[in-house]
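Just below is one structure, and these are the notes that go with it.
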Amino acid sequence: METFSDGVIAIAATLLILEISVDTHSANLTHDLLRLWPSYLAYVTSFLTIGIIWMNHHTVVACMASVDRVLLFLNLLLLMTIAFLPFPTRLVAEYLNDPGEQTAVIVYAGTFVLMAVVYNILWRYARTGRRLIREDVPDSRLQAIDRAFHPGVPLYVLTLLVALVSPLASVLLTFAIAAFYLPSAALFER
Amino acid sequence: METFSDGVIAIAATLLILEISVDTHSANLTHDLLRLWPSYLAYVTSFLTIGIIWMNHHTVVACMASVDRVLLFLNLLLLMTIAFLPFPTRLVAEYLNDPGEQTAVIVYAGTFVLMAVVYNILWRYARTGRRLIREDVPDSRLQAIDRAFHPGVPLYVLTLLVALVSPLASVLLTFAIAAFYLPSAALFER
Amino acid sequence: METFSDGVIAIAATLLILEISVDTHSANLTHDLLRLWPSYLAYVTSFLTIGIIWMNHHTVVACMASVDRVLLFLNLLLLMTIAFLPFPTRLVAEYLNDPGEQTAVIVYAGTFVLMAVVYNILWRYARTGRRLIREDVPDSRLQAIDRAFHPGVPLYVLTLLVALVSPLASVLLTFAIAAFYLPSAALFER
Amino acid sequence: METFSDGVIAIAATLLILEISVDTHSANLTHDLLRLWPSYLAYVTSFLTIGIIWMNHHTVVACMASVDRVLLFLNLLLLMTIAFLPFPTRLVAEYLNDPGEQTAVIVYAGTFVLMAVVYNILWRYARTGRRLIREDVPDSRLQAIDRAFHPGVPLYVLTLLVALVSPLASVLLTFAIAAFYLPSAALFER
């Protein structure tokens, strides 16, 4: 399961760059490249977030003794959401700072909310009653992961709400969350 | 063989998102995104189906003691069909609910029929007289896989026939098959 | 080295499908899809050939005890040629049966000639004086690989020459070579 | 960490080819393909450079005993820069020898400067006081890697400066650096 998941996550991250494009025959390339700043912001935000997701995925999988059909289904759902990410990233890249930006950022934030929800369901399914957890994983570690995952859904719901007021602020907050979440990478074990 | 196959399957799944596109300068993005529902349906259906295929592939490979040239050729044929899937997925995404939808869905359903046929040939080749099967795999497991694979071809032929009456119903049925097949994921062993 | 090579080869094979495209709002989709036959021929030919290359790559790598900087460079050159393949494949898909088909097929055949040449250089470098070969690999196996690789360059040069007379015949010959080479897959060991 | 990194690097290299495109209905395909020489130069230069990066990445990772959150973050930053490369490669492919070429090559060279800087920070972080280095790695090996990495930043800054005078010369220099760096592949251990 991990090889396939790793593959999908790495590919989704690398495909993000295909969503940034500049006109083929630009009269003023410097100007056009500067105007693309929403694309760079969207690229960096999505790439970092996918990086965090990948680290968290390893943290979770490393705790598991086995997988069952429910977990496989939840994992497939999670991968489907991650692989979807290049699409809202392109929407933000193209529409931020233009008419339609609110819709674009709502779809972007909504995708992250969905991702965080599926992640939490997956983790709670595996963790409840230590259903799929390895015997040698101490409870303290499970609680550390709990604490790391708790803020995910509320934070992404917040980006969704902020998008209603300021789409740019919402994307910047999503970027900040990726930076904020990075300490949870400390959970990651090689 | 498994790394290469896993790679192709994961990449094909992740490339699906590149087939969904919205106009660059949409006057009404919300409206345009809602009108894209056939794209989302096609994406989810193809992604889930590829997920099932990947699980089944592992189930089959895990039973094998060795591979020979015939099996390698059949596997290559199977991967070629899976890697082809983004093309009919884009056809469904673009043409469902528009003129040409019947052709699009027939190609989509036809690709799944071909995939199911190649899968069954591959499995029967490996299984007949336990040609490539590991000694420690009990007959009961082979029969369980038989039962899981039997409905594949008839079901996808059915989606092909339904496409002649209602293209939308055909895609929804393909989606339902992915959901129906998920229990066979229980065959999957980590 | 093998993981990276496998990755590049699998991705190149799966990207091929992105080179096939149909008009977004086709008035007669069935007609347009039938007219795309050169795309399907190019897809199948390139995919099968990449499949053969992958098998041969494993055969060669499995014989090696170590790699040195020259081999790494030759391998990178080989991967660069393989990763280039989607470009000439698209040329054939778009131009076969249209003006410009000769140029398109010459570039296609030329890419395969280059690939076969680099492959032979790589193999001869590793094999001469058993420079990089594992001690337990018998000479008979090296000679079997020699025999399997010998026809590669002349055959692809032949497709280049045939392209001067008939581009379609050249592509069909390339397809036939992929089918002809498949028996050499027997060299492959899991 | 290595599987994910390998995946991103391999995918970035293979996506480069998608940035080369020729008009769909070219009146004179031979002429148009010859005019694409900046695309081929950009493709080869970027592909070889990514190949070097991949080898260096293995060299570095092979010396490490463990990873911490800082290193994970630096590695993610490095991968983000590598995955960004198809974008400036396309700029060079499209604008070299045309108005806007200076901007295109400055962005291209700037990306390599950034990559070299992040690489050096990552290496120095791991190496200072042998923070993350395996005990059995001798100091002489660390010093060999130091020597191999030292010229990276100055050389890419030079390509940036050359771009101000001659964009073409800058790209050719970048190509030469990839060729010059290849001997450092000797550091690579399978």
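The letters A, B, C and D name the chains in turn, as written, and every chain counts its residues from 1.
Everything that follows uses one rule, which is that a residue touches a chain if its C-beta (ideal position, glycine included) is under 8 Å from a C-beta of that chain, and two chains touch if they have at least 3 such contacts.
Please read all numbers here as calculations on a predicted model, not as lab measurements.
Although subunit C and subunit D carry the same sequence, what matters here is overlap: shared residue numbers make up under half of all numbers found at their interface. A rotation of 90° superposes the C-alpha trace of subunit A on that of subunit B, rounded to the nearest 5.
Greatest centre-to-centre distance from subunit B is found for D, with centres as Cα means. Measuring from the averaged C-alpha position of subunit C to that of subunit D gives a distance of 26 Å. For the pair subunit B and subunit D, the distance between C-alpha centroids works out to 37 Å. Residues of subunit C found to touch two or more other chains are 3, 7, 11, 15, 18.
In terms of which chains touch, the assembly is arranged as a closed ring, every chain touching its two neighbours and no others. Chain pairs recorded as touching, per the definition above, are A-B, A-D, B-C, C-D.
The touching residues of subunit C, counted against subunit D in their complex, run 1, 3-4, 7-8, 11-12, 15, 18, 66-69, 72-73, 76, 79-80, 83-87, 91, 94-95, 98-100, 103-104, 107. Chain contact summary for the complex, subunit D toward subunit C: residues 3, 6-7, 9-11, 13-18, 20, 22, 24-30, 33, 43-44, 47-48, 51, 54-55, 182-183, 185-186, 188, 190.
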